[in-house]
Structure formats: structure tokens, C-alpha cells
Amino acid sequence: MIAAYVLLLVPFLGIAFFGLTGHRDDTGKVNIGLNTFSFLASIWLAVKVLNVGSLYSADQAFLIDSFNVYLIMLTAFVGLTTSIFSGPYMAHEKELGKLNDRRLKLYYSMYQGFMLAMYLVLTTNNMGVMWVAMEGATLATVLLVSLYRTPESIEAAWKYFILCGVGIAQALFGTILLYYAAVQIGDSEHALLWSVLYENADKLNPDILKIAFVFLLIGYGTKIGLVPLHNWLPDAHSEGPTPMSAVLSGLLLNDALYAVVRNKMLVDGATQNNSAGLLMMGFGLLSFLVAAVFLHRQKDIKRLFSYSSIEHMGIMTFAFGMGGPLATFAALLHMTVHSLTKSAIFVTVGHAAQVAGTQDIKKIRGLIKTQPKIGWGLLIGTVAIAGFPPFGVFTSEFLVLLATMHSYPWLAPVLLLGIGIAFAGLFRHIQPMVFGEQPEGQLPVKANLWPVFIHLGLVFWLGLAIPDFLANWFSQATLLISGSTPL
Amino acid sequence: MTWLLAIFQTLLFVALAPLLAGWLKWCKCHLQNRQAPSLLQPYRELLKLTRKQPVVAEHASWIFTRAPYIIFSATVLAASIVPLIAVDLPTAAIADVIVLVGFFAFARFFLALAGLDIGTAFGGMGSSREMTISSLAEPAMLMAIFTLTMTASTTNLSFAIVHVLNEGLVLRPSFVFALFALMLVAIAETGRIPVDNPDTHLELTMIHEAMILEYSGRHLALIEWASQVKLMLYGVLIANIFFPWGIAQGFSIQALAYGLLAIIVKLALLAILLSISETLLAKMRLFRVQEYLSFAYLLGLLGMLSHIILEASR
Amino acid sequence: MMTMILAYNAVLLSFASGLLALLSNQRAMLMALSQRYLTSDFHYPRCRKFLDRILEENRHASLHRRAVFVLLGLSGVFAVLAGLAVMMGQDSLTDQIGLGLPWLPWHVRFDGLSGFFYLIIGIGVIAVSLYGPAYVAFYQESQNPFAVLGLFTGLFVGGMLLVLLADDAFFFMIAWELMSVASYFLVAFQHEHSANRRAAFIYLLMAQVGALAIILSFGVLASFSDGFTFDALRQATLSPTWASIAFVLALLGFGMKAGIVPVHVWLPEAHPAAPSHISALMSGVMLKVAVYGLIRFCFDLLGELQWQWGVVLLVLGTVSAVGGILYAMMQPNLKRLLAYSSIENIGIIFMVLGLSMIFMANGHPQLAALGFLAALFHAFNHSLFKNLLFLGAGILQHQTHDLNIDTMGGLIQRMPQTSFLFLVGCMSISSLPLFNGFVSEWLAFQTALQVDVLDNGVLRSLIPVSAAALALTAALAAACFVKVFGMIFLGLPRSRNSEKAQEVKDKSMLYGPALLAGLCFFFGIFPNLIINLLNGVAKQLLGQSLPNDTALSWLWLAPVSANKVSYSPPMVLVGVLIAGGISFWYLRRNLETKTMRRAAAWDCGFGGLTPRMQYSCSAFTMPFRRIFARVWLIDERVDKEMQGAMDMEVKAVHYHLQVQDHSWPRLYQPITHGVNQLAKQVGRIQTGNIRVYLGYSFVTLILMLWVIS
Amino acid sequence: MNIEQQDFYTQAILSMAALIGLASFLMLGQGRLLRLIFVFALQGLLLTLTAALSAYSLDNHHLYISAGLTLVLKVMFIPWMLRRQVLAMHMNRDVEALENKTLVMLGGASLMVFSYYVLHPIVQSSSTIMVNALAVSLSVVLLGMLLMISHRQAVAHVVGFMSIENGLFFAAIVATNGMPMVVELGIAFDVLVAAVLFGIFFFHIRTSIDSLDVDRLNRLNEIDQ
């Protein structure tokens, strides 16, 4: 359990350090160092869980089980690689005169703040603390969205703040209702602990939980980016600095979904049916389809990929909602591969935008000719996110499709249509950007693309074979969530 | 022995072909109140041509000079598989009626290439038209043949003829349709009036002649001979499939002689029929040939349907 | 097990060639490596010398290319060996690879059907790797890096081979998509042309839609069984409706890849865009993999066949065959033409497969085997001659820097060897006797003619009609390839480029086409070799093979029974040789007339034939254009430029002709338009006003609460 | 159980609930920003009193802390900050013309009914009568949202946002006698940070569009121009 405390302590110290020292030239490297520490701690934690099984802290305030341990590792990993990317990226932005030292100080301390919030969401066993951390994540990132201080970025940040704030307030109402239901059956001391609630789920009042779930779903769903609550997402992703978009897309959305699923497990236990799942399926499918259509009319490259994130979150929500071992397994896998791929894509997108000097899709052309690594990175990343094998996204989408075919065959064509539309929407924009002749004045930039290729390599590996320990966690989590293991 | 007989029959076929052409010309001349040349005139012409030194266009490649041999041998091979005076000959088993169509296609392929080889407008025109007409004729012909082969349930010509012989005289509507279809196709494929006029060199109406305009000497002789064999092939097909009576089923001298006589009479009659129609009809515009051939196809189709509906319905 | 190792080797070698290709341009790195590790304690001077020679500045690139293609070629050789071994062994080997999902390792199965397609791929790959080194040398490294080309070629070939090995739905889809994606990158290889980019996009889009349909069709089967292995899917018992749904989905998916009308549009776009040896692989081989998929799905997995499916296949096949060749005829671009002709041939294959299905469903397995055999044999033949023609097209493109048929002409004088090989291809594809294309069409006709055994009147009349359509197709194909060969090689050169064209310098480029041409002829004369192999496949899959067709002797082909039909290509060859030889010898015995006299061609007395007087492509096909006018969207204009007093004198005449496929405006443009419109409408929900967004949130909340209570 | 059978404290809390609901209505119909802020502060005060009452009656000491926090944050700090902004922007004399004011008020009233309808099953199954107030707290939340939807000023949005928080806090008190202390503190911290951030944003928005009208923040949209 010490590992978990270390995990939380490191970013906390990071905030303090960056906040106190201000920006120096090697701050980026310190950031990498801190994230490396976190990552090592997460590995330590993972090894622990692998050996012992679920871990509880002394007062049950923290819980590490197979559902969140892999997300913790993923978070630490993406946090690390993104910090590796963000060093030279932010330095370049500073050279361009877009940022100054004060804002970089803010950036780095809030980066750690965001990581802290993410770890807290994942590790805590207390639903109330989870809510607090979730809100904390919003607060940490909202100033980063407006980091460039352009009118657009301020607008985006304001929308992000208000919409997520209102949304998350609803989640709090849901949490209060949950607490209320819990207090009715037992002591109020541990009434918000997820593990306690889960054990007594069948005793909770199903009526209350149903209503609570509506609030929770809409609240956290705003952060997941479910249509029609998604409106902040493309704005915030496109206007903030790219490393922020990478972690927002790769981590924050996942964690929000994680929160919803944790709650769904309680609700399912109480209601003994899948009514909560149906709600999630509806939202998921709607998000998926609408986002797929939106892809077609994007003009800004980062907006494009943020809609793609909405689309993928839709698939996951749909899959979790469908329940059943196959779909759940697929959704868990999809969380992993999506955040790996999407953060890798945002890294390349950031560099691509720097190469072209703009985020306007129409003006980014011939990347492969200009800087082959960025071009290929973007292209292969898009291939991966569009669900082509042997990348892992394919595996999970394949399983989702089959599970749909099994349980709701009439939805399968809809899903298929959505995947087709989304794919066309992505590629019609990406292809002209990477291929073709290099336009005038487009010059290569200094870029560190190792994170991209490591991420894509991992996704590739996951598409070919899922390593045993991960498969083990996935199936245990599946067992936990859906009640049985896949096949 | 049977192989010898088969070779003999093939040679006979090739040898008689110019005679049929002469006879046809003779009939036409008489019908049109003209002085007829001798029946042997085609032989003389062929002989004359083989003795001449061929003149070849400057740009012509080996395709042009080798095509006549290829065309001729493909046609001869086609002749070898069609029963002329006797059935059950071993050569008939080498290939069936579909392969026969294949041989025609083979010859036509090279004829058309030869037309394109010299690089004049005429050659291209002839090739283009020839390929057009044959593309339309081929389905019609196969439709007619299918009617027949479905009745006999074989595509082997020899077996089919035997089947018709054994059945005796049965009045099959499908056969009537198929017969007419095949006749129409035969006229188109052999380049007779009203589709093409073998006697004209009028530039805009030429089809076959346009392709071979540059040929001379032995090359021309081969091509002419091959087209005479082709004409006779269609005649024999029509005569022996639809009216097989008289063809030799054994290999006795008597039967063979009788068979020869029968086929000569049948072909003579067919030629008279053809010359009458050529005298009565005028040549069509090129773009009416499609209607003509679709009519042939329709007949073939009707034949097929009447076979299915009227004759073999289950 | 030996066979299995051969099969794996084929896959591994193709991947290896791809990886090796990645190392191109890394000469400096290799130098550094060799110097670093091989300096001090390296005791093999010869080896050292060898390495130095390999890494020599100006030889390294070419050596490296050769090495990549040698690996690819070896992969082809192994594929051929493995295919032959498994077909001769007549057994099916199974294996598992420890990749994939935790509870579902990749299942591998190598049986006769896979083996046959292995053979097809192997031959294609061997030909391509003989041809490749010289061909790719033309690409500029800076513009079109070889690393990309080589890598994706390796992945592409490997993907195709894996598709054939797959024995569970998941592995199958991975291999399938690997094949699609790798070939997408190959289509986009010369991405500086916008047409190529567009082609690649359409290709990938349709590949993706097709793949989704295939996944769904597997999904249908999987939801009636317990698992995704093909063994489990075979056990699935479906109601006829569900089986039909699965069939339609599979047909859509595999048909899209195979290029069936009307879902064929990607094909004529993508095949010309890729480098020629890749077009050869795509057209000659990849389409066959789609056919394999359909066969595997319908004949193997679905089990109980329904005759209606056969009718669907028959009709679609007929439409594709006739439509494909008619569209092909109008193309001035050689590679587009060949691509459309692939649609035609795939149509023929589907048609015969449909017949086979009909016979199978009506309880005539022996006739079904005949049709099945004809289809597979045609697939084999098409892979040979289409490969040959595409490779030939590549040579032409390099020697004349053009693919427009209308600018060529007279090349037979300048490129005699190429022209001869190309002629063989043209003759095969026109299904002339003595060549392999004819044999398979002949078998197809024989299958169709067995219709008399059926009881259903509709089928009895439908099948002969489609057989007549097949005849039409064959005749049109002959016309089309007369045009192709005539316009390209015969007559007079129509442009400076073709006037200056020369035979390829690097003769190794001709080895690949020569191999294919030789096989075309060889299997045209001895089709029994393949048919015997295929008999085993049919026996494995349909449980029925043809009767002992060697009743007469090995020279004869008698698929139904010896006293019904027979065809003996060797005898025909002998006959032709005798007849041709005799006439040749006889007519040239006179020494005086033996030599020919050369003279100017007849010019009607106008004097001076010019190349512009020749028939052109569009002139040649004009009669067809008029007769089948409805088939195309024809935009034909004649613009006259006038001058002089009152503008009465004609100065110049411009002829403009554009022939378009119906499927664009009928099927694809409406879809694109629809999606864009939909996006526009849906876009309106995102107004940019935060109060509206809050309103969404509010209304959603209210609605949800109302729904739940 | 009717209200007359309850003890005095419960009656007091239920009365507070009514007053808090009323405050929300007042805010909803308010066009002047300074008055809006004043009513908001009043609502905060009512909430503080409720918390204190509840703490006293239930002998739940950590609610005193909550009450204190509420007093500091929502009665003093936030209203002070907002007021300062309004005065700095010289918006104290502006009257926002609300569209369809009657409709909005009617909507607000029906929201209250709706809240009661939604929470009916919960209230019925409960033993304590204080839970009746839950419907009021839900309607405060919903009215807060409605306030944000109907007002265009960023200041009003902040007020709406904070009044949603008020509703939540009230719900926590009446339904569960307050959340666990950790959570309470966390929430309070979040509210504090949010308030600070709002201040920062007012500054940024003003510098970028020279106004606090959120309707002018619509550059990022998906509509064809």
C-alpha cells in the first residue's frame, strides 16, 4: 500500500516544487523525473497486486483491485510519455513567444496537479473523495486550457469550466443520494466506501439508486463527453496546449468512465437488472454516432481528434452498458488501447501543427515529405485508432461488434454504420495532410517521437497478443463487473 | 483406320470448300441473269494466288505474315471435328462444339490483329466491325447450340448427330427456332448479304474485305480458302445437325459414299437457298446488324424456352 | 508437419523481406555496426571483404533491393511448395499460435483449399519478385522511398498468406485487414498525385466497409455457436433466414474486395494507382483471396447451401462479367482497362460458383464439384494472365512513360519480346483455345449445360441465358484485347515516346512475365495437372469429386463423362501444328516467291499515310458504344473551331469523349452527399452558445429522470 | 406524519427549506446583478443557519464546521468578490432584460413539482420527515441551472453555479446530516478554488471580449457561417 501513497505523494511534491521554484530551463526534465517516479511506483503497485490480489489501505480509504490497477499503470505511463513529449514541445512554444515563464510554471505545477487528481480518482475507495478528485481534475486543467490566453482559448476554458462544473455538481447530487441510501442500511462511517457498498449492494434501495445513477451518469458523463453533454470537449481539447489534450483525451475521459462504471456496479447490484446499462448504451450509441458524423466537418486537426475521442468513449460506454463478459472485456481493453493511441496521436498532431504553424487542416499538407516520422506517426496512429488490425483497437471493436451481434443484433448494423462513417470522416482529413507534396514554408521541427512509437508499439502488441498479467486483470475485472469471465 | 478416315474426311472437307463457293456463285449468277463462271473458278484463283510473290506493307510485323497460316490451320482443325460424311470418327472427340466456336474466335482474333497491323484506317475499321458483329453473333450461336445440346445432353457434335438420328423424325419446335437462329448467325459470321458483301470493295461497307485489303499472294489465298472452309463449315453444321439423315454411321465404303452424296445434295440445296436470299435482299446498314443479331438471339432463346417449357417440362 | 513448416516459412519470409526493406537507406548505420563489432577480433577476412563489398557506396542500394526481392521470391517458392504438398497429401493440418485473445489463440488450418490459393499466391509472388528489382530501380529514392514499398509489399503478401491459414474469425479478420491496410499503403505509394490519393482513400474506405460486413457475417454465425473458431462456426445451426443474412453480409464483404458490380468502384481507381508489380499482385492475387473467403464462408462454414444464394451469385456474376468487360473496353488507360477486366473475370468466377451452389443445393454434388472446379481453375488462370498483363503494362509504362493506349502503337517492332509475352496474355484472357483461359471457360460452359438435371423451371431458363451472357463476355473480351494489343503493339507509333521506345535493358524484368506466359500456355495444353489437384480440393470441401476423367487417357479432358464431352488440348496443338506446318512448307517451297516484297501500304491514292489516320481506341470501340449506349454515361462532344469570313471555315475539330461508370452518380455520390448533409444538420446542435449547452444538459437530466421514474 | 407532530427544530428546518426555495425563485427572476448577489448571499445565510440548526438538533459537531465554511465562503467571500467585479465593470446599474420571464417562472414552479414527483419514491420510503426537503434541494439545483440558462451575464452564471452548490449542500444536510468530514472539506476546498478561478476568468474574459456577456463567447461552433 506504500506504493499507492508514494504514487499520491510524488505529484503532490511536484506541485509544491514547481509552484515554489518557478520555471527554469530544466523544469521539463524534472517533470519527466517526477513522472518516472510515479510510473515506477505504479509498477511497484502492480507487482504487489499481481502477487497478493486486491489491496486495501488500513482504514479502507484506498482500494486497489484488478479494475483500477491497470488504469493506474496506464495513467502513470501516459503521464510519463506525455511529459517526455511536452518538454521540447513547450520549449518550442516558448521560443515562438506564445508562452512565458510564469505560464510554464503554471503549466508544470498543474500537470502534476492533474496527475494527482487522476491517481486519487483511481485509488480512492471513497465515492465522495472520488467526486472531489474529479472536480479537482477540472480545476487543475481549466487554467491550462486557457494557457495561451487567446479569445478562443478563454472561451473554451470558460465553457469547460461551467459545463463540467454544472455536470459534476449533478454527480455530487447522485453521490449524496447514494450516501443517503447507504446510511439507511448501516453505519454512516463507511457508508461511502465503495467496497462496503459493493458488498451490501443488494440491500440498497433500488429506487434511490436508480435516481442517483441518472445524476451520476449525467454528471460524470459530461466529463466522458457523452452527447449531448459533450460540447465542452472539442473546444477544450483544441484550444489547450497539445500535451494537455493528450492527457485529457487519454486519461481524464477514462477516469470519468471508470467512475461511472464503479457506480454502475453498485446500481446493478441493487436493481438486479440492467436498466442502468440500457441508459449507458443509449448515451454511448448516440455519442458514437453523432461524433462520427461530426468528424466529417472538422477544420481543426485537434478538434477532429477530440471528436474521435467522443466517438470512442461512446463505444466504451455502450460496451460497458451492454454488460456481459465479452463486451466488458472489450471495453476494458478499449480503454487501454484508446488512451495509448489517442495520446500518441495528440503528440504527433502537436508536432504536425508546429510544423505547419497552424492547426487548420486545410493548411497542413505533405507531412510525410516534410518530416517523415511525424507523417508516418500520424498516419499509423490514425490507422490504429480507426480500428485496423493488428492494432489493439481492432480487437476491442471486434469483440464489441460480436457481443452486440449476440445480444442486440439489430444494433449491430447501426454500430457498423457508425464505424464506417467515423472512419471515412477521419481519413478524408488525414490523408491529404500526410500525403502529397510539401507546401512552401513548411519546415521540420525538433521533435521527440519516441513516445509515439512506444505507444503505437504497445497498441500493436496488444492487438497481436494480450500479455498474461494484463489478460488476468482484465478477466478479473470482467468478473467483477459483469459477473462472469469471457468464455 | 478410323484415324485415316478422319484425316481423309478433313482433307475432303478442305478440298470441297472452294467447290461450294463456286456453286454458290454459279447459282447467284443464274438467278441474277449473269454469265456464270466455271464451278472450278475458285480453285483456279487459289492456285494463281499461291504462285504469286506476296507483297507486304512496310510496317507489317510477323503478326501480319503469320496470321494467314494461323487462320487457315485453325479453320482446318475446326473442319476436322465436324462430321461430314460419317459420325463416330476419332477426331470428333478432340473437341466439341464449344471448342469449335473457340477455333473460330482464334482465327478471328488473328484476322483482326492482322487488320490492325498495317496501320491504315481500313484495317482498323474492318477489325472493329468484325469484332463487334462476332461479339453479338457468338451468344446467339451458343443459344441455338445449347438448345440442341440440351436435347441431346452432349456438346460433342458426333454424339449429338447420333442422338438426332436415333430419335428419328421428331417435330421439335425448339429445333425450328434453333435452325433459324443458326442460319442467321451463319450468314453474319461468314460475311454474306445482308450483313456483309463478300463481293464489294466499297470502302464504307466493307467488313471482312477491309481487314484483308493488304493481303496478296499466298497469304490472300490462305485467307480466302479459310473463309470458304468456314462457309462450308456452317453449311455442314446446319445440314448435319438438323437434317442428319444419310450420314454414315458405319465405315463401309457404301455407307461412306452414301454419306458423301447426301452431304453434297444437302449443301447444294442450302447454297441455292442462300443465293436466293442474297439475290432478294439488300445489304443492311451497319448499325442495323445489332437488330438482326438480337433477332437471332431471340430465336435462340425462344428455342431454349420452348425446349424447357414444351418439350422437357417436369 | 513438414508442409506446415513450409507454409509458415512462406509467411515468415515475406515478413522478413518487408523488414529487410526497412533497412534501406541505413547504409551508414550498417557501416557503423560492422566497423564497431567486426574490427578487432574478427578472424574471417573473406567474410569481412564480402561485407565491405555489400556496403560499397553505389552497389549497396541495388544489392539491397535484390536481397529483399530474393526473400520475397523465396516466400513464393515456399508457398508453392506448401500448396502443392498439402494438395497432394489431401489432408488438412491444424495448429495453434500463441497470439491473439487470452482465451482464443490463433487457430491455423492448412487444407486443400488454402493450399490451392497458396499456390496461386506463390506463383504470383515468384513472378513479381523476378520482375521487381529492375522495376523498382526506376523510382527515385528521395521521392518514393523503397523502404515503404518493400515493407508493405512484404506485409501485404504475408497478410494474404495468413488469411488462407486462418481458422478462427478473429485471426482471419486480422490477416484480412493486414492485407487491406498494407495494400492501401501500396496504392498510396506514389501519393504526390492527387488521383492516387483519392483512389487510396476510396480503396481503404470500401475495404473497411467490406471488412465490417465480414465481421458481422461472422458475428451472425458466432451468435449461434459458442466461439469464433471455424470449427465452432461450422457447428452453428442457423435458421434459413439467419443463414441468408449471414450469406448476404459475407457476399457484400467479400464481393467488395473481389470487385463485384456495383461495389467495384475502388478497383479501377486503386489498381492503376499502385506500382505495376503491386497492381499485378492486387488484381491477380488479392482478388482471389476474396474469392477464397467467400468459398470458405459459404461452402465450408455455412454448411447447408440454399439455391437462392446460387442464383444471387449467378446474377451478380453475370452482371459483373458483362459490365466489367464493357467498361474495360472504353478505357484508354491500360491499367484501368486491366482492372475492369479483372471485374469481368471475377464475375465469371462468381457465376460459376453460383452454378456450383445451385447444383449443390439441388442435390447434384458431382455437378457442383464441376462448377467448383471450373471456378477455381478460372481463378488460377486469371491470376496467371492478369499478373502477366499487369507486369507487361509496367514494362510499357517504363519504356513509353505513359499508360494511355491511344499514344502507343507499333511497339511490336521495338519491343519484340515484351510484345510476344503480352500477346500470350491477351490470347489467354480472350479465352482462345490452346491457352488456359479457354479451358476454364469451357468447363464453365459444361457446367451450365448440365442444367437439364434441374427440376426448377426458372433455373432451367435462367442458367442458359447466363451462359449466353458468358459467351457474350468472352467475345467482348476478345474484342477488347484485340483492341489492346492492336493499338499498343501494331500499326504505327502514335507519339514520340512510343516511337523512341526500346526493349527493356534489364532482361530480368522479362523473366517474370515469361514464367507466367509459359504457365499460361502449359496449363492450356495440360489442364489435367491442375484439375487433378483441384479434384482433391473439391473432394475435401464438397465431399465429391469428378468421375475418373482420365478414362480416355491423360491427354483428354472429360469432366462429365467420356461419352458426352471431351476436349484434348494436346491433340489440338498437334493438329494445328500439322495443318500450319504443311501449309507453311507447301506454300513456300517455290524459292522465287518465298521471299516477300515490301511495299508501302495502300493509301487510297491520297499519298502519305500518317499515324493519325489509324483507328484509335475510341474509334475502334465506337460500334460497341452505340450498341450498348445505355451501359455507360457517355459525354461525347465535337467542337468545331471556325475561322474565315462569316466563320464558315473549319479550322480545327476537337473531339471530346468521356465515358463514366454508372455506379458513381447512382450509388456513391448520393451517399457522399447524404453524409455531408447529415453532418451539416447534426452540426447545428453545436451552436457555440454556452446557455444552449446548459440547456442540453438540463433537458437531458429532466428527460432521464422522467424516463427512470 | 405531518409537520405539526414534529419537534421545533424539524419545523424550523422545513421552514428554512421553503425559504431557500424562495430565494432560488427570487434569483431566477432577478435582472439586476447586485440584487442577485444579495439574494445569493441571503440564501447562503439561510443555509448556514440550517446547518447550524441541524448540527445543534442532531448533536452533529462537524456540521458546525460546515456551517462555518458556508458562512465564510458563500455569505462573505463569493458575494464580496462578485460585487467587486460588478462594480469594477460598472454593471451595477444594468438591468438584464430576461426573455420570457413569466415562462421561466412558470417553468421554475413546474420544476419544483417535477422534483417532488421524481423523488417521491425516496421520500415515501424514508422514516424521517426531513427528507421531504430533498425535493426542495433538487429544485434548487434545477433552478440554479435554469438561472444559468436564462441569464446572459457571466456573473449570473457564477451565482447560478454556486446556488447549485447550495442546493447540493442543503440536500446533504437534510438527507444525510452531512457527508463525511473528508468529503465536506474536499467540497469546500473545490468551491474555494472554483471561486478563485471564476475571479481569474472574469478578468480574462473581460480583457478578451470587453464584456461579461456569455452570448458573445461563441467563436467555437460547428455551424456553417
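Chains: A, B, C and D, in written order; residue numbering restarts at 1 for each.
By our rule, contacts are C-beta pairs under 8 Å (C-beta built on N, C-alpha and C of every residue); 3 or more make two chains touch, one makes a residue touch a chain.
This one's a predicted model, so the numbers in the text were calculated from it and none came from an experiment.
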Exercise. Could you tell me which chains are in contact with subunit C and with subunit D alike?
Key: A
Self-check item: Centre distance in Å when subunit A and subunit B are each reduced to the mean of their C-alpha atoms
Solution: 78
Quiz item: Between subunit B and subunit C, what is the gap in Å from one C-alpha centre to the other?
Solution: 36
Quiz item: Which integer distance in Å separates the CA centroid of subunit B from that of subunit D?
Solution: 100
Self-check item: Distance between the centres, which are taken as Cα means, of subunit D and subunit A, whole angstrom
Solution: 31
Practice problem: Two or more other chains in contact with one residue: find those residues in subunit C. | Solution: 680, 683, 685-686, 690, 694, 697, 701, 705, 709
Quiz prompt | Junction residues of subunit A - those touching two or more other chains | solution = 158-159, 162, 166, 170, 211, 234, 294, 297
Quiz item: By residue number and range, which residues of subunit D touch two or more other chains?
Solution: 118, 121, 145, 148, 157, 214, 217-220, 222
Quiz prompt | Interchain pairs in contact, sorted by label | solution = A-C, A-D, B-C, C-D
Self-check item: Contact set on subunit B toward subunit C in their complex
Solution: 50-63, 65, 69-70, 72-74, 76-77, 80, 91, 93-96, 98-99, 101-103, 105-106, 108-109, 112-113, 115-125, 127-129, 131-132, 134-143, 146, 149-150, 153-156, 159, 203, 213-214, 217-218, 221-222, 286-287, 290, 297, 300-301, 304-305, 308-309, 312-314
Quiz item: Any idea which subunit A residues touch subunit C in the complex?
Solution: 158-159, 162-163, 166-167, 170, 210-211, 213-215, 217-218, 222, 228-229, 231-232, 234, 275, 279, 290, 293-294, 296-297, 368, 383, 386, 388-390, 394-395, 398-399, 401-402, 404-406, 409, 412-413, 416, 419-421, 423-425, 427-428, 431-432, 435-437, 463-466, 468, 471, 474-475, 486-487
Quiz item: Mind pulling up the subunit C residues that touch subunit B in the complex?
Solution: 409-410, 412-413, 427, 430-434, 438, 442, 445-446, 449, 451-452, 455, 457, 460-461, 464-465, 467-469, 471-472, 474-476, 478-479, 482-483, 485-487, 489-492, 552, 556, 563-568, 571-572, 575-580, 583-584, 587-588, 590, 592-593, 595-604, 609, 611, 613-615, 619-624, 626-627
Self-check item: In the complex, subunit A residues that touch subunit D
Solution: 126, 128-129, 131-133, 135-136, 139, 142-143, 146, 149-152, 154-159, 161-162, 165-166, 169-170, 172-173, 176-177, 179-180, 183-184, 188-189, 191-192, 205, 207-208, 211, 234-235, 238-239, 294, 297
Quiz prompt | Residues of subunit D that touch subunit C when the two form their complex | solution = 114, 117-118, 120-121, 142, 145-146, 148-150, 152, 157, 214-215, 217-224
